[in-house]
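Before I ask anything, here is the structure I am working with.
Lettered A, B and C in written order, each chain numbered from 1.
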């Protein structure tokens, strides 16, 4: 079982953790949680997806439990929001969406790669990559007693799913893994950005129409 | 650590997965989730109980992560509901309750058997069999930000518990394991059906009465 | 990997399990759950934190799955509340808070010790000790579709965090482990008691003030 431990990937992974943590902290503040709640939601949003993936593939302790730098990156995001809330909240939404889309793409392909490293079936690896991307936000919403946004609105998990699927299909077609990781991440990022820009939503089963 | 890998049991297990997935999809549609949400709730309802059991007994990756056919059975249930919603919703409630009771009995005894295979204490194995039966629906309700129905109403988890307990007690009394799996499944099925038919509910502690 | 298996610690651990179970049962009754729901919430409140810790450090099956006495202690708490509700509810709140604070301190230091036994980084071990103390109540609140109280109000998780941190810092400074476990437990207990007595709360980020 080799590990995805490229130095650049690690640095980018920490950055993604930080971005997700800032988002979690902003939501915690908006949800009227106390300082501890802000720290918890930052960590959960940033690390929850990776922890679920690691538990499911049997990579225990999960990366963010084994390596303290993930928790430190998450808490740095929380502390930034706590002490500089009036500045952070003025960051343009478009920048946050862009950073979040980049983090989503990164987590999705990194999660898929790790699942493949653990010899998980490629189809399931795509699902696990998606969970890596959206799992943290899902647990955060559960802690806030809300239906996870990812189940209801937006092309969000689908972007992660598409990026992970492109990556796996390309690898199966014989393309180099690193090329497909970058390609999958870009697909996820672009699909997410375009869907926000074009107000795309997934269709629903029309209950009233058919009755 | 031998595994419960009988061919017939596997086929029936996939069928139970499909039935639970259809139920999860119907609830997702009623809850106004989008297509992705329907897929997620189908998978969670069908596989959540088994995944929790496998994590707790240390059987990682869990069966439904290791073997893609479980996810495919769950997604088949979701796709059926998405594309044939107007037909599926006209299936008589009694048939759905019957299939669900059969799936509950199957999951409860199969989960108990797997826990025993992993040398879990028989008393705890009964609890894990029950979790296998009701865990998926519980996680589904958590994702919908609802108090899990299983905690509030109906003889549902108790039917699973009774079936698992009958199975373990029979094995302890020297009966053949396969006989007791069938017997436990039937006890669960009948108890569930009769309780629906007779409108049985579990008692509650009467808070007002004693004050 | 040695285990924390001191006889006295085990007895105290079972007692803490029982106390947390009684609290979970009282909340279940107040939440109008049926008998099964009371049993489930007792077990979850008492064992949830330890189970999450054990899953994260890779100690599977978790202690309370491996050893039936934890489940029996939890169910004893539930049965006590079910059959003697009118007496249990008349127990003075101050006694319940005191017992709960003692259980919190015990779980926090025992959880930290177990994480250290599994060679988890000390900083993360403090977080895992805190999770051991507050995780059960958090899962219980999730099952009740409530925002976990621990994220919103009170000096509760912070008391567990402080106790765990004192323990780890003392051990790092060369103090005997048993001394620091007792010291950490006392710090947690006192901080919790004093914060209830003085109505301390954690600060929040003032959203309105800065807008």
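Everything below uses one rule, namely that a residue touches a chain if its C-beta (ideal position, glycine included) is under 8 Å from a C-beta of that chain, and two chains touch if they have at least 3 such contacts.
The model shown is predicted, which means the values in this text are computed figures rather than measured ones.
Asker: List the interface residue numbers of chain A and of chain C, divide the shared ones by all numbers used, and answer same when the ratio is over half, different when under half.
Answerer: The interface of chain A with chain C is built from mostly unshared positions.
Asker: Fit chain A to chain B on CA atoms, both being copies of the same sequence, and give the resulting rotation angle in degrees, nearest 5.
Answerer: 120
Asker: From the mean C-alpha coordinate of chain A to that of chain C, what's the distance rounded to whole Å?
Answerer: Taking the mean C-alpha position of each chain, the two centres sit 30 Å apart.
Asker: Multi-chain contacts in chain C: which residues touch at least two other chains?
Answerer: 55, 60, 142, 145
Asker: Sort out for me which residues of chain B touch chain C in the complex.
Answerer: Where chain B meets chain C, its residues are 55-58, 60, 118, 120-121, 123-124, 127-128, 138, 142, 145-148, 150-153, 157-158, 161, 201-205, 207, 210-211.
Asker: In the complex, go through chain A and note every residue touching chain C.
Answerer: 28-38, 40-41, 51, 55, 60-62, 65-68, 71, 81-82, 85-86, 89, 142-145
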